[in-house]
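Got some structures for you, see below.
Paired with chain B in one complex and with chain C in the other, chain A is shared by the two complexes that follow.
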Partner chain A sequence: MTTTRTQIETLDPAASSLTLSLDVGLYPREALYAAAYVFIDRAYLLLDRQDTRFVVHFRTKHPVDETVLRAMAGEFENELLAQALRHQVTDANQRIIEEVVAIAIAGAAGDPDGTAGAALEGAPLVALDDPDDGFVADPNGIARPWEPGKQGTE
Partner chain B sequence: MSTADGATVRFHRSLYLEEAIAEAAETFAGLATFAVRSDGDHWVVDLSGIARDVDGDVVAEFCNFALANSARRRRGAHA
Partner chain C sequence: MSGTVVKLRDQWVEYADVLVDVMIGYACNVQCDYCSITDEMRKDNMAVAPVMAALAEARRRGATKVAFGGGEPTIRRSLLPLVRWCRDRGWTSIKIPSNGLLYSYRAYAEEAVDAGITDFHISFMAHTEELYARIMGREDALALVTEGVRNLKALGRKPVGDLIIKHDTWRHLADIVEHWAGLGVDTFNLWLVSLSDRNRDNLPSLPTVTEMRPGIAAAFDRGKRLGVTVRSRHIPRCMLPGYEDHVVDLRDDKVLVVTPRATFALWESRISPNAYADKCNGCAYQHGSCLGVRRDYLERWGDAELRPTPRCEPTSAPTAA
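Our next item is the complex of A and B:
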């Protein structure tokens, strides 16, 4: 019978280890990496693939009982789901994210329309020798530390 | 699979990058000797001369490093 859901293949409390398998069609590889990375400080992980399933060999760094092992398996599945959704959202909004970042960078370079990007390439973002530049003049004292010991002499 | 001072680990090629494995092997070079070879769908790493007088599991930590390096490199390539 073909199984599509994530399942515990083996569980060995004596060795604090378990093996999970999951359908490759349900979770992108990036989600598997990200979920595994979350556990890397608590467990030793080895990923594998058998036909249409990813296999995750999991062994905790410190001895745990069966209850904790099962809880970690559940936590791993939740993390997989969260990472898969995150991956999907990022993919769906990739162009928007790139455009927002491009506009923000162009705005910081004094070109809110993003039309003069090529001309400004390599130019400094702040003209340090221009006293009218808000970053240097600081007429409202925004850049001045408020702590008494750090106010300096200015 | 492991012996007294050796072990063999199989990394699936679709999940682990050869450069990531090599980078992990370099990190652990002082704790074991590594030989990487290709075998079908897997990279096979033969570890020998594993240091036993260290705190922690050298083979398992090496696997974690190979995984983390693969994830980081794949994400870097994707971005």
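Our next item is the complex of A and C:
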């Protein structure tokens, strides 16, 4: 096999099985695992390798016809692409993700002797994926953000 | 060009000299009557990750001075974790401009000091409960800010006061300085109210500097008598004759502003864009230590109050070597 394309090697509707092969240089192994994981509710999967190609064997859990098998091959290719991109983004942001998680863990831990936050409800937590990451809790409502139309009504 | 410099408008500046001013969000816990932040802008908040990414890059290039502004930064839960994060990564100057309300919680003030805030700036609106409440919209505003200042002082921190010059404060600037100086504040910055965005149509809020000059001069004089520093940040020196030494140019701060939508030098911001009037051409201070006058001021009042200083021309023709 010299092609770098992902291709269907075998397709057997009678056995509800499908075999794909793909170039090992095209996708990171992590992307392959992640894409395969997405299909484990629908099929039994076996990952293999032959020379420069990964080989993926599918056997669906329920009988399906050729159309469904071909669709599954297409979905798998799309999933591979999505997972490869996700892997790339994660790689690029790894350091920042670690820093943010460190902050979240430090915030969740609070102060060790339990005195500094006595007058405030809760420890300072950071919502990782929320641009409006929340506001400090305060017993007298001083920190409550002002909202248009609500002034003087509370 | 090396990676340790950044271009602020027309000049290259070492990152080590730059104050990276991050607007972490425009949300606020009060609605001051002169605030230029619109309801739409209040929804703009920066997520923690991009803030950290911007700071990590600036730090890598040598920056050590950071400010977290808003809106009101103290109401963000992420603020103190971010301050700690900066402190632990070599940021030696961490400035927080605030309305000061949250510091009325002793626990919060302690946590803020412990996290590593080095420069506490508080906007002091007034010196009386009535005026404070009218500007900020909270009856208890003066009491809370006073408590906040006391808490910070007890923790060994001396906040810097930011005062807004506008139609209902200029007559009281000297008394405002004296009031807060009495609580231990010894540095005050005077800022001219801005006719931009939400405050754009509030024309009465910005009288002429000529009209307000007696109040501004009184604040300088009172500060001198009390032994505290009072300086002006927005008004060109030619509009404050006799008090030129109190004028601090925005360019001196070398502020790089990072907002949810853009990054720019402070003097290019929408709130305080400065411009030269035609009559500034030829002034000795143009393109030097004076950045001109605020554009919104020029649009409102024109250039009649500007008094350019002629350049000193050589008295004789240069001689050939």
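By our rule, the second predicted complex is superposed on the first by the 102 of 154 C-alpha atoms of A that agree within 3 Å, B and C clash if a C-alpha of one lies under 4 Å from a C-alpha of the other, contacts with A are read in each partner's own complex, and residues count from 1 in each chain.
By our rule, contacts are C-beta pairs under 8 Å (C-beta built on N, C-alpha and C of every residue); 3 or more make two chains touch, one makes a residue touch a chain.
Because the structure is predicted, anything quoted here is derived from the model rather than measured.
Touch criterion not met for A:66: it reaches neither chain B nor chain C.
When chain A is checked against chain B and against chain C, the one touching more of its residues turns out to be C.
In the superposition on chain A, A:36 makes contact with chain B only, not with chain C. With both structures placed on the common chain, the touch criterion links A:143 to chain C but leaves chain B unconnected.
Of the two partner chains placed around the shared chain by superposition, chain B is the only one that A:47 touches, whereas chain C remains out of contact. Against chain B, in their complex, chain A makes its touches with residues 29-30, 32-34, 36-37, 40, 44-49, 54, 59.
Against chain A, the residues of chain C that register as touching in their complex are 25, 27-31, 39, 42-43, 45-49, 52-53, 56, 74-78, 80-82, 84-85, 101-102, 104-108, 110-111, 114, 137, 144. On chain B, the positions that touch chain A within their shared complex are 9-12, 14-16, 41, 57, 60-61, 63-64, 67-68, 70-71, 74-75, 78. Contact residues on chain A toward chain C in their complex (touch as defined above): 93, 95-97, 99-100, 103, 106-107, 116-120, 124-126, 128-136, 138, 140, 142-146, 148, 151.
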